[in-house]
Amino acid sequence: MSASAATARPRAPGRAGTVHSRRLLVLAGLFAILAVAVMLSVMVGAKPVPPGDVWHALTAQTGTENDIVVRSLRIPRTAVGVMAGVALGVAGALMQGHTRNPLADPGLLGVTQGAAFAMVFGIMALGVTSLYGYIWFGMAGALVASAGVFALGMAGGRGGPTPVTLALAGTAVSAFLYALTSALVLMDQRAMDVFRFWQAGSIAGRDGEVVWQVLPFVAVGLLLALFNAPGLNALSLGEDVARALGQNITLTRSVGVAAITLLGGASVAACGSLSFLGLMVPHLTRPLSGPDHRWLLPYSGLAGAAALLLADVVGRVVARPGELEVGVVLALLGAPFFVALVRRRKPVRL
Amino acid sequence: MSAPAEKARPVSAPAEKATPVSASEEKATTPYARDHRVRERPLRIGPASWTVRPRSAAVALVLLAATALLTALGMRIGDIPMSLAQVVGAVVGDGPDHFVVMELRLPRALTGVLVGAALALAGAVTQAVARNPLASPDVLGVTPGASVSVVAVIVATSSAAGGPGGTLATLGIPLLSLIGGLVGALAVYTLAWRGGLDGYRLVLVGIGVSAVFTNVKYWLLTIGDVNDSGRAMVWISGSLNGRGWEHVVPVAIGLAVLVPPALLGARSLDALRFGDDTVTGLGVRSNLVRSLMVLAAVLLASVATAAAGPIAFVALAAPQVALRLTGAARPPLVVSALTGAALTVAADLVARTAFSPVELPVGVVTAVLGAPYLIYLLIRARRKARS
Amino acid sequence: MRLRAVDVKLGYGDRVIVDGLDLGIEAGTVTTIIGPNGCGKSTLLRALGRLLKPSGGEVLLDGKRIDRMPTREVAKILGVLPQAPTAPEGLTVADLVARGRHPHQTWYRQWSSGDESAVNEALSMTGLLDLGERPLDELSGGQRQRAWISMALAQGTDLLLLDEPTTFLDLAHQIEVLELVRRLHSELGRTVVMVLHDLNLAARYTDHLVAMRGGEVVAAGPPGDVLTEGLLAEVFDLAAKVIEDPVTGTPLVVPVGPLPPPARRD
């Protein structure tokens, strides 16, 4: 009956027919929005660059002023924005899936505060001064903090940490690290000066070197997230059903945590704290994707990148000749949108 | 699998339909989990009858004793070091230390006790209403609203008028914090209300509103002079430095007025843990109860924040610690308040002695003390579940 | 013997529910576990389905220790449907059933024609083909239960463990589900282990009945041998008449009332 049933009833399984093509359509739409955001991000700024000049800079650069602006400033900045946005969107969706808590953001495992503490510590104790230096410290701090949270979540039990333990351990470690960071910056004005700008979250001034620093972490993180999606789907039916379906729960949780750590850590180290983006984006994309993480994760990644770039563009325009940090713009524009969405429809529960 | 106490409070704010993480597992464990908990004992005086849990009562007494001891220890410290006996003597006697203790040290210590209790109580109520262990008055808009208002004024006044004047510092900042906190809460409440108050929507709207306040605060910290940012950071962290009777009195009044209704509402909070249909079936008007409990939490948190700044982590951690100390099903209000008081007073003691003579803001230490303890409780609960 | 529990000790935390229990499940049979609430039947079923690791003894699947087999391999042989499972909001019936194919999928083979036909077959066996695109939370309790059973069927396992598959169902739908179980057994040769509360339906659809009380197996065998008035008194503290089912000839329990206190065991 297999073949006949499949052809006679194309609607029946989730794969086939309208559902599938609708999902692809949404994916294409999100790609298009991101493409527009990328174009705007390259063109708009203190010195507007017309599309023709962008093309010129990309294909036949001759060292004109616009060529230099595009190649050495705008493109790296946009690339960092795309990577951080994708990373935060995907990490946020993973985090909410694993904890089944709508309040979970990519910083919940301690990556944000771990990065902050390590950077401040690097500045004060080891005299790190360059942006690249901060990023390495931030990354290391994020990885260590997250590994610590996972180890604490695992400690004493078996079968992997439960969502509650993970969430609470993450919150506790984050609060602990934040307290240490506050104590340090209150004692050192130089650290405070770096910290307050980092805290606001920005992708301004990130150049090609930052792109290459961050890229490997994001790439590996996305790969792990991809592997994690089917397991997370099984887990969303409850641990018993997931186990019955042959899913190794500890492994699934571990891979998820590794992915969140790499993605969250990389973005937080490069751009500062933009946790709200990671929290907000999955709430926006979940109504489009439904509860299937194989679609939710890519949707969230694309939407995250588009939102971050658009907010960055707005931040460049509104406060001329200065710039408004992207984290501030994201909250000012994203939060009302988010609140409106939460009010308008019954929020999808996890 | 996991600790029974944790199972009892699912992390996914569960709806009527969407039930928690692993319902089957939960179903399987709860009957036995009850075994870990101390049964309730009836306490009857005439027509009145309450149920008292011996374990909660014991925990409460221990916490009360710890708070009293830590408060007394804290009052020894200062420009004139005193022994415990001298402190007690100065309180009752009329010696030269009487003024120092009664006008400087006692109000500071009491501010710590009361603010800690109020914040923890607000946290316990919020977590029960939202049915989410990550919820705290931050989510209700109180602390972010207060923080952004105070930071704005600190940053604005400094460059224009050479720092906030005397009146502004003593009266203005607490008042400003109070107003900011209430406005923030009002914004969250109004936006979250939609033909009723849903705990889940409240929390999500609160996150959105808080994000705005918090990020504006971050931005304000970047535009001002770095010295102002430092002073603002001290206030944001929460500090008991220089707190006097004028800080004690409002918080004390707030607690006196709000604790009785909060305790009365606790019975309804138990019912709120079920879905709305069940709640109505149990004869509880869910929207009214939720609104009143949220209001109580908002007022408690606002008053406390006005007195000492948004002391970090107390509101979030104290209820979770209390939950695990008593083995209750939801954060117990009285024990949470006592945990918050003990934690805050202990943190202030450490904040003043650890790097003496440099004094840290108390909010920096609450998390340093509270977080490891909460983690220890989490691990212990899992150990017990396995053995 | 396809599935065996050997001297298993089961519990949650430090609470022991089952101690030193032995049970064997023959290939190609329908076995039903009955017993009063809290007697350990669901716990036993969870252990048989490796959802609960015994603290003593072992569970053998086809002679091999189940906890030493890769869990994905077990999932291709043995399907378990736990009691009252939950799904995230907005999940459609077809998506839920498709997730039953999880053990057969790898990262490079996400959706084969085999998956497709298994899902269609499972949906048509439970009569849900037309509801494929409906979200689970919009269905009636009975339809939802059938959707979960479809998911377990789509897993395509020889062995199927069902924990109270007829809860939330009206009598007609209960019969429908149990007829489905009978077809799985008679037409496809599957081995089924269930926990049921309705003794009469259990007697009608079961080859092998296991009666439990206080974590121990009190009696096991064909329904006609197990369901006696004496056993009902012993296991359920229930005074009852057992007559012959006029339709099938299996035992039919007609309750009289609770046993008077002195006759109760505890």
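Some points to look at:
Here the chain labels run A, B and C in written order, and each chain numbers its own residues starting at 1.
The rule is short, and it goes like this: contacts are C-beta pairs under 8 Å (C-beta built on N, C-alpha and C of every residue); 3 or more make two chains touch, one makes a residue touch a chain.
By chain, with names taken from UniProt: A = Iron ABC transporter permease; C = Iron-enterobactin transporter ATP-binding protein.
The structure displayed is predicted, hence computed values, not measured ones.
Across every pairing of chains, the maximum count of C-beta contacts belongs to A-B. Chain centre most remote from that of subunit A (Iron ABC transporter permease): C (centre = mean of CA atoms).
With centres taken as mean Cα positions, subunit C sits 47 Å from subunit B. Inter-chain spacing, taken between the CA centroids of subunit A (Iron ABC transporter permease) and subunit B, is 31 Å.
One simple way to say how far apart two chains are is to compare their mean CA positions; for subunit A (Iron ABC transporter permease) and subunit C this gives 43 Å. In subunit A (Iron ABC transporter permease), the residues touching two or more other chains are 238, 240-241, 349-350. Contact of a single residue of subunit C with at least two other chains is seen at positions 46, 82, 85-86, 88-89. Along subunit B, residues 1, 15, 17-18, 20, 22-24, 385-386 each make contact with two or more other chains. Those residues of subunit A (Iron ABC transporter permease) that touch subunit B in the complex are listed here as 99-104, 152-153, 155-159, 162-165, 167-169, 171-173, 175-176, 178-180, 182-183, 185-187, 189, 192-193, 196-197, 199-201, 238-241, 276, 279-280, 283, 324-325, 327-328, 330-332, 334-336, 338-339, 342-343, 347, 349-350. Of all the residues in subunit C, the ones that touch subunit A (Iron ABC transporter permease) in their complex are 46, 49-51, 70-76, 79-82, 85-92, 94-100, 102-103, 105, 107, 110-111, 113-114, 116-121, 123-124, 129, 132-133, 152, 155. Taken in their complex, subunit A (Iron ABC transporter permease) has these residues touching subunit C: 1-3, 5-6, 9, 11-16, 19, 226-227, 230, 233-234, 236-238, 240-241, 243-248, 290-292, 294, 348-350. Within the complex formed with subunit A (Iron ABC transporter permease), the subunit B residues making contact are 1-3, 6, 9-15, 17-18, 20-25, 132-135, 139, 191-192, 194, 200-201, 203-205, 207-209, 211-212, 214-216, 218-219, 221-222, 226-227, 229-230, 233-234, 237, 312-313, 316-317, 320, 358, 360-361, 363-368, 370-372, 374-375, 378-380, 382-383, 385-386.
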